[in-house]
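A, B, C, D, E and F label the chains in the order they appear, each numbered from 1.
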Amino acid sequence: MSTGALRSFAHGVHPDEHKEQTAHLPLERMPFVQRYVLPLSQHTGAPCRPVVAAGDAVHRGQVVGAPVGFVSTTLHSPVTGRVAAIASRRHPNGSMAECLEIEADPWSTQQLEPAAPIDFRALSLDEFIEQVQRAGLVGLGGAAFPSHVKYKLPEGRRCERLLINGCECEPYLTCDHRTMVERPEAVVRGAEMVATMLGARETVLGVELNKPDGMDALNCFIPDGAPMRVMSLRVKYPQGAEKMLIKAIFGVEVPAGKLPIDVGIVVNNVGSMAALADWFVSGRPLIERPVTVAGPGVERPSNLIVPVGTPVRDVLRHCGIRHETRQVIMGGPMMGMPLASLDVPVLKGTSGILAFTEDVIDHRTEYACLKCGRCLEACSNFLNPARLARLARAGRWDELELSYVMDCMECGACTYACPSGVPVVHLIRAAKTAIRERKAGQG
Amino acid sequence: MNGDVELTVSVGQREPSPFRMIATLGIAAMLSGLVLATVFQVTKPLIDANKARELRLGVFRVVPGSAGLRKLVLRDGGLVAVAEDEVVTAPAVHAAYDESGTFLGWAISGDGPGFQDTIEVLYGYDPQTRRVTGMHILASRETPGLGDKIYKDEAFVANFGALAIEPSIVVVKDGRDEGNEVDAITGATISSQAVVRIINEANARWLPVLPAEPPPFTGESD
Amino acid sequence: MADALQPTEAYDEFVKGIWKENPVFVQVLGMCPMLAVTNTAVNALAMGAATAFVLLGSSLLVSLFRKLIPRQVRISTYIIIIATFVTVADFTLEATVPRVHRELGAFISLIVVNCLILGRQEAFASRHPTRIALADAAGMALGFALALFCLGATREVLGSGSLFGISLFGERFEPWVIMVLPPGGFLMLGFILLFFNWWQQRTLRQRRAGPAMAGIGDAGEAAS
Amino acid sequence: MNDLFWIFISAMVINNFTLYYFLGLCPFFGVSGQLKTAFRLGLATIFVMLITSLCASFLNAFVLPYAPYLKLIAFIVVIASTVQFVEMLIRKLSPALFRALGIFLPLITTNCAILFLALTQTSRDYTLLQGICFALGAGGGFTLALVLLAGLRQEAGLARVPEIVKGTALNMIIAGLLSLAFMGFAGLFSST
Amino acid sequence: MTRQEPHLLLQAAPFLRRGLTTPRLMVEVLLLLAPVILAAVWFFGLSAILVLTAATAGAVVTEWALTPAHPRGASLADGSAVLTGLILGLCLPPGIALWMAFLGGVVAIGLGKLVFGGLGENLFNPALVGRAFLQAAFPTAITTWSQQGSITEFATVRPSNWALPLMQAPPVDGVSTATPLGLMKFEGVPTPLADLVLGNTAGSLGETCGLLIVVCGAIMAVRRIFDWRIPVAILLAVVVFSGLVWALDREGSPSPQFMLGSGGLLFGAVYMATDPVTSPVTPRGAWIFGIGVGLLVVLIRVWGGLPEGVMYAILLMNAATPLIDRISQPRGFGRGRPAA
Amino acid sequence: MTTTLLAIAIMTGLGVFFGIGLAIAHRFLRVEEDPRLEMLEEMLPGSNCGACGEPGCRGFAEGLIEGRLNPSGCTVAAPADIESIAAFLGVDPGRQEKRVARLHCAGGMSSARQIAEYEGYGTCRAAHLVGGGGKGCVWGCLGLADCMVVCDFDAIRMNDERLPVVDIDKCTACEDCVKACPRDLFDIMPVAHQLVVQCKALLEGDEALAVCQVACDGCGKCAQDAAPGLIRMESTLPVVDYSAGGPASPDATRRCPTGAIQWVDKNQFAKPAFVPLTGVHLD
């Protein structure tokens, strides 16, 4: 059971949650559309390599991309149909990337070939990791980090504890919430599998206090006596960031530049756990995911299960898009990316699609930084965002590094809190790319 | 700009002999010494005259009616008369005389912290009446318009015309009525206090050593 | 080399110090005396004159003997030369205008270490024939004196309401005491430099915006 | 107040060499771009000022009474040479110390604050001890002003300063405001 | 590709923002300054209104004239120029010549703010730059304090207000008086605490009524308009340090409660030291800054040449702010060691 | 007379004493170091004024050797000295062939399509991170002048099309712009290499033309028209390889349907209108 005390981490912000629009809406299936675009790079790490050619027929769940190296994962076709092209297509991040374009077969029933459940207990850890890679699983919490890489514990490290991240601290988003409410058994089963395979002695599900039904549902499915508990947390952003969550729950600070596993913890998103359970129980690879579609520009806000690769345009059309819409965001409003074009696909890491109209768009007038310190009080990473922003504007790369700019997780809390409308995190992000390029250039 | 440059540097130039270096320096220094000594000798009389005139003017202000001076320095616990241009490091006072050679009083100088930097004060003291007979600021960096009134403000300087020194001089802010009071300059109380304190301190230092019998006037300092 | 010099070259060297390479406004050298003694115009001029004397004298000597002085001891030698001139100036002022000498105080002696003077010896006099060196020294000295005077005059006018001790605005003028205090020195020089920058940018912009745009950075244009 | 203490405080804040007497402005503006350098320069200045004060006391006692007109030249030559010896010595003995501090020595020896220190100490007839306090105060005050200016300049370096103010004009204005702020110390300990 | 749809708007994340903006911040401070202004008018009559107007006009005109932004004077909209003008006005004596107040406003904005690049970039508190400039330029005028008028004299303007530009005020005898601090320092006369708290003393326009300032300050602290640590640290440091001095020398030095109530300490601590731009950003820095101000105030008041040291204390600590910021950098998550 | 003699004696004494002292010290307290350091120190004025921001002339010399500083940073040295120092340091532009920065994009405001509107911090790098800055071509120039700002030599100006124009007379091939451009559009090329492909879009045919009128549509005509081997198609773009064939001539550009490959004579693109140095970044 959850411990009573309201735990959290230091600093952070509390934006309006805006979750009421969709929190009560059950997950629905997004109908199939004509055309799917599958970028070969949907995850952190090396893009996968296409194993089909233009013109090939593919069926739903079929492997169409194979991993290249270990930090890379498998890509499956979300529909039965035909590979129309392998070419450059727009990627949500604003670039153009190599994609598989798949035309759905309008006559297909789009049934997934049933597969026999896999008994994970019979697998060794390496076999388990191979299965996870084969399922194309990536973290659904946002970074889309290939899950199997996480389970490959570095030499000399042990996983003591498994932490399941059910915070969903981004405003508007409710897909994790719905997953917990509607599929608690899958979440718990997935967590059990990972905990067992990694040998974790304890599993904690961290959930923010604004999702009591989610906590209840999870609690119902936790087997009695299992070393697994749900812990409730004060509502605060960015609680979902893994290091903050670890701090909130275990009181441990993961040293800068280190990974959670360095303190014996593995963090996974609730959705990732459900997806993992799906593969082992029913053989469904990661070909679809829950996505919250919300915002004032959407006529019928929904929580949808969307096949990966569905163009955003179709998702919005399905939910109805108001023509006052001026801005479309993929992901949450704090860390998500704005879309330049609606002709980009939903990715494995897409947790939400938000459509904003002019009246909620914040055209910030920028004033010079007042050095008021509000960003410092927002930054849960204990950085000095004001200074970083000023240094970034001046292009002082060396000083930036000395001020730990590379520690910034780009959560945007500072920018949210800034009264002067300084685009703090944007400046930081730009500086980080410049610094990385400089390093790459030197190295 | 390009044609007329004589580049004396050529990279990796050989070192000149140390002898040449020393000789150059030596000759330059010698010539310099020659020039300096000459100029010094030419200007010294003028400078000395200037200094003497200034001193006389100052003393004339603080000891009204004075026409001649003698310099005395503190040596072995007592005051000894010395020639005006003798270079001394010991503290000195001047005895002031009128035209007929009658002793009028002492001209004493003192310094101490003012509002900004050190203030140097020259004041006259008449041992007969045991009063200060006048005050003159030799150097100060007090604020123009405020602190500089300690010498620009006639009324303030007039305070020191016949100022009793016992038990000690005090600064007041609302008009003087005792003989030992100095009316502070409005807006420059600190500087006023500083002047008074400097005089008090100098009194404490000098009065005990001043000889009862001043040295006779020799008339040499004119 | 020296024989080929045109008379205009000496003139150019002279003129550049006054404006284009003004030691104060452009090169920002010798600021200590610059600020310390410019609370009145008279002090500024006296300081300017003393500096000019030292600069001319030492430039003359240095350029005369430039071939005889070994490089290793050149700085020491220059300093001895400069210090000699400064002491001469110091004594002369003390003997002739004791009041001014007292106001300038130690700053006359500090001319020795004025970076402007040593800098000129090193950068110019030690490698140019006497005539050119003198022209340069005269230009620099004039430029320096000019800058001192600008500063001294503004500070005196605002700070005391007078110029050369002559009251300008009548009895009831409220002097801006700050101008004769140290902060006023810094601020006033800051303002003059600011004005200089503004002026330069304005002319630059005018030149750029005009039809002569093709000539940006043309050496020919700037040299006129 | 205690005489020595006042000499120290006065030279440090009330009559700060840089902000009140405009001394040592070349390094003050030249080397205040970076905080670390500024601090080191300040330390080196304190050191040189100490040496200067000792040299001046020595000269005043043994040489200048005989040839007062050599004051200036003697100060310069003796101070510069002594510092140069020390510099060479440090460079030989402790390269690390040289890198940190010694490298600044030549920059300071030929500057006006040092000479002014010697001249003032002479004209005020300071004793050896008073001279040392004076030197420590003056050096400390220079360091204080320098470090403050360096901090302010680094901050201003990140500000959107108008093009026409940038550079020396801005430094002058900052120094002016700093000097204005230091006026608050005027009269300190003089009335007690 | 065929349909022409309106362009989407690309902005950088985050897309949400807390409601508080800079102009609102300034407006809130202005609102909480209003009671102090009213008190000034109550105590000093029409003169107060004139002086405040002149100072504010100087500030606003300068901001308007010297900012090159495209709609000229656009930067006035953030309200900080008005705030600077008013705060400057509130720390001037009621009898100051209006042209001086105006000049103060000009200097505050021109020299104190715009040369550094405008709002947010200045290194020293602009209002204090203006006042320090006036104090150094016209030391007599700015230390000439006039008595509070009674209600009946509300509309009587002090004649010195009307001095012609660049000219001295006509000398008036008998009107000028001394502030509690001046009385204490130069004559050893303390002022009763009640007068200090209620504002029944001579002094600058805004500084006399301690009670009101404390109340407004408390409201601002609660509303998180400024960093509460700064005023708290200042007042604590003053009390502790002056208490120590007082304990050692009860005769010669003022009591801590006198220190707190007199002069511009409260006004400075609440409205001026808290200027976010010129005070440290970090919480630890705020403590250091506040303690520094407090110590300097006591130092100058007790041992300095000037009766009042708040202005210089704040300016000096403004100068030290970059250094304080540097030594009080936050430590960095998972590092336990502050950044360089 | 005695005064004069005394003066001469003291001064000579001092001069000789310190002359000897320094000479001895010079000999015995010598420290081995980069020989260039001493030479540079000698070439510098030695007035140790600190105006350069370094701890004296020696510090400046070290900075020069480390490549941190530029000889012109010394305000005291005469221009001729600065030249000779520069020459000594081996910053010798005369020997090499002249190289300049060339831009691989010609998609200015009137030819490249914008698909979304960017609002925010106005640098290319920042815009690039936000949905690609809204430019239809994700390879193309964003026109927010990061390169202009970074160029220390004032060699870059933005033209009316918001394309950077490199003034080849001023460009020193320092590569700063190459590093600054988030889209990697600059290359340092010899001026003699006059064939410049002004496009980096990996698109073909209509897809290319849909985002930009002057894009390379990958037709390959330039490769056919050029001397054999000089131009080869890599993916959809022509690559000019001077080592692989030649001679280069303007013929290769004649049939290019979009003008994506150009024979560049001096500067690329039209002369820029005057854009004040500030203002671009202040939005």
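The rule is simple: a contact is a pair of C-beta atoms (placed from the backbone, for glycine too) under 8 Å apart; a residue touches a chain by one contact, two chains touch by 3 or more.
Owing to the predicted nature of the structure, the values given are computational and were not obtained by experimental measurement.
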If a chain touches chain A and chain B alike, it appears here:
D, E, F
Consider the two chain pairs A-D and C-F; indicate the one with the greater count of contacting C-beta pairs.
C-F
Measuring between Cα centroids, what's the chain most distant from chain F?
B
Whole-Å separation of chain centres (CA-atom averages), chain E against chain F:
48
Taking each chain's mean CA coordinate, chain B and chain F are separated, in whole Å, by 64
From the mean C-alpha coordinate of chain B to that of chain C, what's the distance rounded to whole Å?
33
Give, as an integer number of Å, the spacing between the C-alpha centres of chain D and chain C.
23
Among the residues of chain E, which are close enough to touch at least two other chains?
8-12, 111, 115, 117-118, 121, 133, 136, 139, 305
Indicate the residues of chain A shared as contacts by at least two other chains.
337-341, 368, 423, 426, 429
Tell me, which residues of chain B touch at least two other chains?
5, 7, 9, 13, 21, 24-25, 28-29, 32-33, 36-37, 39-40, 115, 143, 145-146, 190
Which pairs of chains touch one another in this structure?
A-D, A-E, A-F, B-C, B-D, B-E, B-F, C-D, C-E, C-F, D-E, D-F, E-F
Which part of chain F faces chain B closely enough to touch in the complex?
3-4, 6-12, 14-16, 18-20, 22-23, 26-27, 39, 42-43, 78-81, 84, 88
Complex interface listing, chain D residues touching chain A
157-160
So in the complex, the part of chain B that touches chain E is made up of which residues?
115, 143, 145-146, 173, 184, 187, 189-190
Residue numbers of chain E touching chain C in their complex, please.
97, 111, 115, 133, 136-139, 141, 163-164, 166-168
Quick check on the complex: what are the chain F residues that touch chain A?
115-116, 119-121, 123, 125-126, 128-134, 138-139, 150, 179, 182, 202-203, 207, 283
